[in-house]
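Okay, so chain A shows up in both of these, paired with chain B first and chain C after.
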Partner chain A sequence: MKSALIAFFSGAKAEFIQLKRSPFLIILTIIQAITFIFLVNFFGTTGAFAPTALVDYDKGVYSKKFIQNLQDAHHSFDLKFMDTKSATDAINKGNVVAIITIPKGFSEAISQGKLQTIKVVVNNIDTDMTADIKRALPSAITRFGQDLNLPGIHVEAKESDLINHDTGFIPYLMVSALVLSAFIISGILGAVAVAQEFELGTILLLVSSPVRPLIPLLGRIMTTSVISVFAMLVAVLIVVLGHGVYPVHPLEMFFALLFCIIIFGCIGAALGAAMKRTLPVASLVFGISLPLYLFSGAYEPERFDGSAIWGITHFFPIYYAVGIMEHAVLDLKVTPESVFVNFLALFGFAVLALLTAGFFLRRAVS
Partner chain B sequence: MIRGILTLARLDLLSWRRNPLAVTSALIPPITMTLLLLVLSLAVIQQPVALVVKGHGEQTEKMQGIVQSDTDAYINYDFTKNLKPIDAKSAEQKLNNQQVAAIITIPADFDKKVIESKGQVNLTLNNVDIDFSDDIRRSVDRSVAVFDAPSLALEEENAVDPLKNKDQQKAYQNNPYLIHIEESDIRETDVEWLSYQIIPALVLLVLSVGLIGTALLCARDIECKTARYLVVSPQQSWALVTGRLLGGFLASIIVLIPAILLCTLTGTIHPPISHWPALAAILAATALCAAGLGAILGSILKGSRNIAMASSVIATYMYFLGGGFTTISFLPQWLRNLSSFIPMRYAIDGMRQAMFYSTLDGVAKDLTILCLTAVFAIILGSYTIRRSWSN
Partner chain C sequence: MVVRIPLEDVILVRVQAPQQKFQRYQTFTSGNLMISVITFKNVSYKIGNKIILDNISLDIAKGSITGILGPNGAGKTTLLSLINGLHAHTAGVITVLDEKLPLNPNLRKHIGVVLQENALYEELTTFENLEFSASLYDVKNVKERIDNVLTLLKLSDRKNQIVRTLSGGLKRRVAIARSFIHDPELLIVDEPTLGVDAETRHAIWSHLKLLKSSGRTIIVATNYLDEAQALCDTVAVLKSGKLQVVETPEELLSRTGICIDVACSEQTGKAVSAAIKKTKNIVRIDKTSSGLSIFIKSKTAPKDIIDTILQDSTVEGFKTRAPDLAEVFKTL
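Up next, the complex of A and B:
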């Protein structure tokens, strides 16, 4: 037992010394983690508020009312007031998604109950945004008619929400991006720590030692996990301080991220033992991170993508981690499973990852 | 001289062939990205909702028909195209189990209330984030609008002159909201989503292979101390440097050719024949940029781990900021300004223009910027390679 403990802590110390000698690798890993926080933010900015030119030739009371309805139309428009020439320039340069033109005499016509036509020019290069605009305009028009109590309107929509507040797309994405960051940081550091033993040939020394080679390697994983915790602290601070996303249940968030770091470190170790080379293993972890992220409920509850995809995501720990994190930070329930079940699943994955790492290591050293 | 250049280029390509792990590491990011695009292209974009129809009558049926016909917005809870009404209890159960994102309910007294102009369509929404919640809200509002004003449902592509089409004329005039939309799109295109998105994946392939490949070859010479043989070689150093960059460039092209062939054979890309030279020039300039950047990276950084990580970070930033996953034009101004310094943006823009449009407007500008970047990267890369050999 004593010799095992000595081997474990020696492995941890060796990894610490190794990482101390390569601070650039740690810096790169942190940059990599922050990269995804930044890119997710970047992706999220296109999810709402389409930049739209508004040309108002009327400037009357009803055109102002209609503009207000456009601004209130479910985060659809980022209205930029322009004249026709600037608006045409802007749409041709791709600076706005659409031009909405309110004609002269709009208010007068509405006050007399006459039908008015609003011209809308759409830059239909991005179907996601143009579809939003095509749906948002009728939405603003219905609100306009209802607010003015116009005759002939027989139906209105009445909404009741499951949650008493709306959550922005970027905060939602940011929280799930933390899981991705944990995967990248811990996965790459764990994989590199193990693969390096094979690359440098030191695995032979571990095999010939009187303790099981898995023990010092676990010590190395412990060190990479500790370093990952500090790196994740940077990512968490960016989300909390940079974006003002404060966790509702901070302890739950801490444990979820800790679990993620341990699991992903073990998965990294298994990959490192299987591939035995640092170069492809780092690319592999990085390469699979984005697909795994997008199919783990990172941008909406995964079940909304259909039962088949939802079923598949259960084989990835990121799904459960995102479920816990969204609850911990934003108090949202994004998986049908409870937080306890998600934690239980993560624990199961931790054990499985450890066993897999052990299996690959045993196979590799033999 | 030429022989010296070609010899080193050939040697580098052989080193590549003998090092499948390096090839794999360069191919993993573009391959996973392509797989992701394939899956996303097959995935549905509509939101699953449950439709509950509690009453009977002409108005109820009309409202039900409007909701069911909006197949762009809604999909059934079992992911079949047609929205089928279910009972309220099952709908609630599906909402709680996250099988649906919302329940649209047409109440039992809908017909009666419509006569009193007090009809309501109830929406119960799982509003975990505004991205999809707002999509559903807009869609339900549109369905409600169409009930009283059918002209608000008209899509631009279906638009017919109201003066010529009687039904449409009636729909146009029957609009209690008093606002009619006349929509026109600024471009006509029938480009499939996958074809549009595969362009950045091809650029990522060239970038990843050129960048990682050249960087690793440069690093290997330093790590294995073979750089000293290059220094004492009778060949002029610029010829050897050119050979190294040519090796990286050729590696990108060798990987790219089967990818382009595959895309062409499957019909994913089908540019006009006259645009192929422009496309080839853009890809060649991109490969040269990647080789130059790889040379800089491989000569400055030490260790394959650091190079692999740094290459991944650089390739990721270039891919995303170059418009790999979103439309740059619609981003905030500061991001667009930042993007204008990313050479891959010009590669992606130029390739899309050459692939999907009848003219080559703007391609000359994109190509000029790419070529200038390539020249700059090659000069700087050559300098750093030569310096790393001397050290």
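Up next, the complex of A and C:
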């Protein structure tokens, strides 16, 4: 038992020294994880606020009101005030996606209850952006008519919120990005620690030694897990300080991320043992992280994506981890399962991941 | 125990006698009592239907250096990996240090392994590599032991150097140092001087002889005949997984004898061959791109043969040399 402990901590120490002497691996891994957070950020910020030229020939009271309604349309228009010529130039150069022209006499016609036509030119190079414009315009027009009590428009929206606070899209995305960062950091470090043993040939020395080779390897994985915890602190700080998202239940967040690090570190170790090469295994972990991200309920609670996808996501620990994290950080309930059930599921996945890593490691060294 | 070991430059080191593991297993060869450290009895190793080692029987004597010779793919590394437990034999019986394989963890404590690749942790220092290895073997007084081993292999000045920055030869020495950090009785070395320069080769041979002098048994796989000659008491020659012969390097060399390379034209070569075939003591004549290689029995004076050649023919030049491994294999 004492020999095993010595070998375990020697493995841990050797890994720590190695990582300390090659800090680039840690730095690059953290950068990869942070890149992921920025990637998510861009998902949230791009595709919204379409740059739109607004040509106002009226400049009356109602045109100003209509412009205000356009600006209020949620995440839709980034209005740029222009004349017809510069607007045409801008759309031809690709600087704006659409031109909205308010005709002369617009305010007068509205005050007299007459029909008014607003000319809209759309650059339909991307149907997604075009559809955004098509959706946002009627919404702004309806709001305009509603505010002015125009005849023929009878809409009253009475919103009743399920949750007592609104959550920004980007903070929502950030939480799943944190889980994926844990996957990237601990997955890559765990995978590289194991694969390196095969690449250097040192695994043969472990196999021919009196201790079980798994023991020093587990020591190494423990070190990569501890380093992953510190690396995750960087990612969490970016989310907290960069986006002002303060976790509501910090302990819950800590334990959820800890489970993630254990599970993903073991998955990394299993991949490292299966592939036995550092370069492909690091790329693979990063590659896997992208589909997992989409399966994590990154954009909205996963059950909104249909029962088939929702059912599949239950086979991935990320689903439960995101469920806990959204609750821990933003006080949201995005899974029908309770936080306790999600933790139980993560515990189960941690045991399974340990067994899987053990299986692959044993197979690789036998 | 303090022993004085004669080397090129005399060094005084503290060498612990290896812990004696075995006592009982003994065989008799050539009328002398020989204590066997390793015994192969009709051992075979197959992967699927492919036979890698075929019906090997071999005894390795205590305190000796035994060379496993053979061309690439002959099964040398596989034979070593059966001893150190990296592979399991599929037929026969292997006894190592008085115990039948498979190896148990206790037995592994008495075996040191130097793999074909150095297999060192490149980002760790020499000391840290040895320290890690010591932890696997539960070595006591680790620092003192490492210092002793580093002194023995003249690596003390490289103690705190990161292995990545060491030359190939130094890395090989660190790998050897690591293999006996736990003071094993048996040292298994695969290609001890693969890819190192001539000076380092001689240094490594000296180190291995030094380890032998402190009572260890060493088994070495090599491709080089001069290495076997310089190091080994006995050589076992493998060819296509079969054991061809077990004898001393001198006996092995005497099979092929001394080689005389004669540089001459094809026409002259034919005349020379015809002339010396009548002479006694010719083992073999090989045609080469530059003329002929004539192999004569070891006790024959090359001068006599050369005189015979020069009587009737004019050649461009000649030289005598020891035969290489490929030439030896032809005689087996």
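Following the convention adopted for this analysis, the second predicted complex is superposed on the first by the 360 of 366 C-alpha atoms of A that agree within 3 Å, B and C clash if a C-alpha of one lies under 4 Å from a C-alpha of the other, contacts with A are read in each partner's own complex, and residues count from 1 in each chain.
Following the convention adopted for this analysis, a contact is a pair of C-beta atoms (placed from the backbone, for glycine too) under 8 Å apart; a residue touches a chain by one contact, two chains touch by 3 or more.
The structure presented is a predicted model; accordingly, all values stated were derived computationally and were not measured.
S.K.: Judging by the criteria at the top, classify the pair chain B and chain C on chain A as clash or fit.
M.R.: Chain B and chain C fit side by side in the superposed model.
S.K.: Looking at the overlay, does A:71 come into contact with chain B only (first), chain C only (second), both, or neither?
M.R.: In the superposition, A:71 contacts neither chain B nor chain C.
S.K.: For A:119, using the defined touch cut-off, is the partner it touches chain B, chain C, both, or neither? Pick first, second, both or neither.
M.R.: First partner only.
S.K.: On the A-aligned overlay, A:86 touches which partner chain: chain B = first, chain C = second, or both, or neither?
M.R.: Once the two structures are laid over each other on A, A:86 reaches no partner at all.
S.K.: Which one hits more chain A residues, chain B or chain C?
M.R.: Touching more of chain A: B.
S.K.: Which partner does A:22 reach: the first (chain B), the second (chain C), both, or neither?
M.R.: both
S.K.: After the superposition on A, what does A:205 contact: first (chain B), second (chain C), both or neither?
M.R.: Second partner only, chain C.
S.K.: Report, please, how wide the angle is at the C-alpha centre of chain A between chain B and chain C, in steps of 10 degrees.
M.R.: It is 90 degrees after superposition, to the nearest 10.
S.K.: Quick one: minimum Cα-Cα distance, chain B versus chain C, in the superposed arrangement, integer Å.
M.R.: When the complexes share the chain A frame, the smallest chain B-chain C C-alpha distance is 10 Å.
S.K.: Kindly list the residues of chain A that each of chain B and chain C touches, one partner per complex.
M.R.: 22
S.K.: Quick one: in the complex, what on chain C touches chain A?
M.R.: 84-86, 105-106, 108-109, 111, 113, 115, 117-124, 128, 131-133, 135-138, 162, 178
S.K.: Contact residues on chain A for chain C in the complex?
M.R.: 2-3, 6-7, 9-11, 13-14, 17-18, 21-22, 200-202, 204-211, 216
S.K.: Can you check the complex and tell me which residues of chain A touch chain B?
M.R.: Going by the criterion above, the answer is residues 22, 24-25, 28-29, 31-32, 35, 39, 42-43, 45-48, 50-51, 66, 73-76, 91-95, 97, 109-110, 113-132, 134-139, 141-145, 150-163, 166-169, 172, 188, 192, 196, 275, 277-280, 282-284, 286-288, 290-291, 294-295, 299-301, 303-307, 309, 326, 332-336.
S.K.: For chain B, which residues count as touching chain A in their complex?
M.R.: 21-22, 24-26, 28-29, 31-33, 35-36, 39-40, 43-45, 47-48, 59, 63, 72-73, 79, 95-99, 101, 114-115, 117-135, 137-149, 152-153, 155-156, 172-173, 175-187, 189, 193, 212, 216, 301, 303-306, 308-310, 312-313, 316-317, 320-321, 325-332, 335
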